[in-house]
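Alright, structures below, take your time with them.
Heads up, the next two complexes both have chain A, just with different partners, chain B and then chain C.
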Partner chain A sequence: MDTDDDFMSNVSSEEDMLPDDSDNDMSGDDDFDFDDEPDPDIDIQKDIGQQKRAAYDVPFTVHQPQDIQRQQDDLINEVNMILNISKEEAAILLRHFRWNKERLIEDYMDRPSQVLDAAGLSEKISGPPKLQVIPGFCCDICCEEEDGLESFALKCGHRYCVDCYRHYLAQKIREEGEAARIQCPSDGCNIIIDAKSLDLLVTAELTERYHKLLNRTFVEDKDTLKWCPAPDCQNAVECNIKKKDLNRIVPTVSCLCSHRFCFGCILNDHQPAPCDLVKKWLKKCADDSETANWISANTKECPKCGSTIEKNGGCNHMTCRKCKHEFCWMCMGLWSEHGTSWYSCNRFEEKSGTEARDAQAKSRVSLERYLHYYNRYANHEQSARLDKDLFHKTEKKMVQLQKESGMSWIEVQYLSSASKALQTCRQTLMWTYAFAFYLARNNLTEIFEDNQKDLELAVESLSEMFEKPVQDLADQKLKVDIMDKTSYCNKRRIILLDDTAQNLADGKWTFNVEFSTPSAGPSGSGARK
Partner chain B sequence: MASQKRIAKELTDVTSNPPAGMTISLPDDSDIHKWHVTMDGPSETPYAGGHFGLIVRLPAEYPFKGPEITFATRIYHPNVTNDSEGSICLGPLKPGNWKPVTRLKSILEAIRQLLIEPQPDDPLEPRIADQYKNDRRDFEKTARSYVAQYAKGAVKFSDATGTEETTTKRSEPEQPRRMMGQE
Partner chain C sequence: MAGTFATKRLGKELAKIHESLPPGIELVSADNFEEWFLDIRVLDSNPLYLNQIYRLKFKFSAQYPIEPPEVVFVKLADRPIPIHPHIYSNGIICLDLLGQQGWSPVQNVQSICMSLQSMLTGNSKNERPAGDEDFVRGNRLRPKDINFYYHDNDV
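Right, the complex of A and B next:
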């Protein structure tokens, strides 16, 4: 095994990251949820994926706030130069075209006045925006008409007093969160206010919010950009995976804040299960899991009509409320065959009873099957949570270990790597169960289950080692074992993901549910706004 | 408050020259933020002969925030909730669409127009809208029976606004809670 080399590279890359982390002013105590979202595949990818990109990997770029700003500025400058219109107008046009520069230029060349009109711009030429005092002016909003009243109008010429304009803009920006499409206050006028006019009218604080909102629309308007959903993270991720590809690939991306999420649905990383199955599964769990558990534990079905019955007391002589079928609760056989052995069922051999029990068993199979997968899914979910708690303790352990054994900081990093590996692998395992629930059985499923089993065994044994008391951890042998196991877990996870993703991309899996391409319609994507 | 002057002006305007078939009054003379409007059902509609009460509430931020207008009288209409709330679905009243220049008079006229010409494609009561589109006679019959039951005689403004007394001094703007989800 090549652990040593790998580990050194892993450690050093982490070392490189350290100053970065401390620069990041979001490293409060509770941020570990995201900070420690592991990325254990880095070193392994070197082994497997160096020549070719792993099948489960998608290309993506993370953009920080200043990049987002710069991208907008670049586009605006370009349009500004090509079309010879002001930057403010270029910005409004680009927003109108959802930042599709090519289409904007093409349309504008074809029919400039319609395009300007639709985007809320006027063809009129006018100087820079300015406040004016016009004699005899009466503001149509507040009905104020005193002398010396300062007023403002956009190119459309609808003039209102400065106070009203400010009020209006504050209401739009602060209360309604609007920025890109603030229109002239006049009835039926669709001229959009530009950034320059806005700067002239409102306070710096409001301007800042305005620009923040504009930035937000830039990301939201582009299908290839999505905000990182981690709390307080201001980055956006760019990825070219289209909605229609989502049944072929699970596009997990990883933000600079180290939060890993699915670009398709913004949920936490759910490889290897595709978005659509994840959605189905989560819905099923929300609807069914508790109910199903309870039904399984407390009820039986009427052998004749299949109604679910809860026995709420009394003797074993059951009469189905629905179909009036009479049967024995114990053996499920016909009550009429019970003869004289009323109220004490000891017969197990009669035909009617056996058949009824068979039917019963069959109807329970689907329920049991679901619970099988659900329980394992839920178990990994819970364990991952516990492992996360454990990570905090690990930090302490690492410090303690340094003191007790005289190891250096770098020498105890293996614990941090192990903890990260545990969490990522559990996250993956969790979703393998949701995935498996929807798989139809065939040869591929068996390979999948073997992979799943290997990973699960490895994870459990790493988890066990990881929980050993500090004095044991100081033991060199255990340290090597943990490092080996960590590396092995990571490797098994890569193999599982790679295999699953490859088959998904090739369309080789057969599912036991309608597996829809989230094509048209709003259902495919996560929440907008 | 800048809005006082504007409201006062609108009020004078609308009382001296009221929109067709409407009378406007203030339930409380000291509070110009709440108007009572009585609207006669337009002739040639199933609402003819009925007298409908409308309550207009102007938020403190008026005219930067739109008014909230509800029917105080029950009415059977695709764009008005079929309950004691009487919420109205009207384009210009939706938060994103409101323009501060818009006058109440034109809004009231738009509501009257809505009685003449319901908008079943933008319904608040989908069932009534369906009926309006597919079974006009039944729709008109029910609408008329509502008029007979609720909209005859003097208009009562009390029942829909149980909190009338407490709302005279409204420092907090009332959120248009009933319009939620109808964007």
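Right, the complex of A and C next:
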């Protein structure tokens, strides 16, 4: 019933700090960091800005719903006091200025009436919003004019009956998902309805949705804030990485719900590959990986015209349907050179055959290169999925182990750490292959590949130990081995990420594709300080 | 199907329409509160539309007038589709007033007809929208589901 996605967010559930730990020393004690609550750690990350961070680390803060509300309220109160306007109006102004308080105050001081007008507010002073019964009133929407009809108007004075107003607001909020910019129903009137008036008009259920939508705009309006994409997570993450820096840094952030994602593209953590390469890679995989796989395994190309041919039975004597070229399926050589040895190719090397195979080999090289990386990428993806089951079994294993060996709960936690390490490392490994696919060779790629190999070996051997039956796990030696390997894996991962991120920031990698987004500039200093 | 809210309003509109309509607008049929037909013609001597009458079809949802009605020109033997850079040859009209963003519940059938009249009157271009052919061939969406891009509100 669990999806892969929520698996990824569960992997490092609760207090796993492995990947975010700015501390490079990942020796034993880190694995037993279980009493640490995530919040202090994340706050620390912000505070220790001056301290040396790993090259792949970005500073970020997680905001919970109440923080988001508080930040909004603080800004609104501040503007409310400074500009001496109502809170509802302050909120509308702030939204109009995308929560840029400084610009709002500056602009408002300079030319208040234009600012109010542009934001959909009126200068008119009026009391609190109220429903009124006006004799002789006829509603322009429903054309109702009966006596005692309750009506409402915003500061603009366009008056409609309460029923029509309700219908109108319900349509906007429920059907159109609108909140921050609901205008007066009158044609061409841009006065915006404020929260207080709205509360007066609609049902509690709609009010709740309205405020939810308003909160959403606060996060969506600010480039430095993004919602955590994990299902049912209501937190938002704040990070100052600019869009233009994304070619030089992979801003992985970790929500309090423990979901790790890229702040740049909201996908699951894809370090060390930059967002643009990830996008290209995923597109490529979606485009042709399966087809390419099949073609590679099942077809050959006609040595003359290059048409792809599937041999679905019959003898080795092939006649291309397109160009009528006759060749031997086994050696790809001319059929005429086969002389009398029909239907069983036992020729050694004839010239035409070698040439044909060379040409075919060349055309396969690029495909094979892609498949090389794709297979490894897919393998780690697959293994991570298999480890998912293992992870679910881990807890059972831990309970069993406590029973059988008399170990305490805390003493069996090493299994959980190992499982988490496996997940995170595989996630990283997976993306190193996508990254490597786009990497052009230079003297740094070798170091990268060594790092990749080291991590891969470590992960595979940890994976193997981890699968041992419970009886074996009780063995102290194996326990120590697993703990050592776990911390070794984490260490290797950090080394790889740190090195890759540093070179990315310094612009030392060369890629065999162009980035779609313009680079930060020649020095790339924007990415990190 | 029109709900009571829409029915009430449409009933009142219809009563008013029966009373009087501005020049150049005529009610053809309004047999129910779901679909009405009206004829319009321009009042000036714009050569593009001279001596022509155009048939409009209005479709109302239960949310009318909170939601805009669906308005299209229909083609008949004596009712062509007017040529206009915002009117596709299948009769679909690209007008912000008829979209959710530009619509106001204060608008009504009569005001829409008048807007369309002036949209024709003010036009001097003897052309269809860009991509008309592709759109007419490929479009299977209802007019309200098309995301028009109102790039030019002056025409």
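As a convention for this text, the second predicted complex is superposed on the first by the 420 of 529 C-alpha atoms of A that agree within 3 Å, B and C clash if a C-alpha of one lies under 4 Å from a C-alpha of the other, contacts with A are read in each partner's own complex, and residues count from 1 in each chain.
Throughout what follows, contacts are C-beta pairs under 8 Å (C-beta built on N, C-alpha and C of every residue); 3 or more make two chains touch, one makes a residue touch a chain.
These figures come from a predicted structure and were not determined experimentally.
Peer 1: Report clash or fit for the pair chain B and chain C bound to chain A in the combined superposed model.
Peer 2: Here chain B and chain C cannot both sit on chain A without a clash.
Peer 1: Between chain B and chain C, whom does A:Asp221 touch in the aligned arrangement: first, second, both, or neither?
Peer 2: Touch status of A:Asp221: no partner.
Peer 1: Could you say whether A:Gln171 touches chain B, chain C, both of them, or neither, answering first, second, both or neither?
Peer 2: Both partners.
Peer 1: One more residue to check, A:Glu337. First (chain B), second (chain C), both or neither?
Peer 2: Neither: A:Glu337 stays clear of chain B and chain C.
Peer 1: Can you pull the chain A residues that chain B and chain C both touch?
Peer 2: 140-144, 160, 164, 167-168, 171, 175-176, 185-188
Peer 1: Using the touch definition up top, name the residues of chain C that touch chain A in the complex.
Peer 2: Chain C residues touching chain A: 5, 8-9, 12-13, 63, 65-67, 100, 104-107.
Peer 1: Going by the contact rule set out above, which residues of chain A touch chain C in the complex?
Peer 2: Residues 140-144, 160, 164, 167-168, 171, 175-176, 185-189 of chain A touch chain C in their complex.
Peer 1: Spell out the part of chain A that touches chain B in their complex, as residue ranges.
Peer 2: 140-144, 158, 160, 163-164, 167-168, 171, 175-176, 178, 183, 185-188
Peer 1: Going by the contact rule at the top, pick out the chain B residues touching chain A in the complex.
Peer 2: Per the stated touch rule, the residues are 2-3, 5-6, 9, 61, 63-65, 95-96, 99-102, 106.
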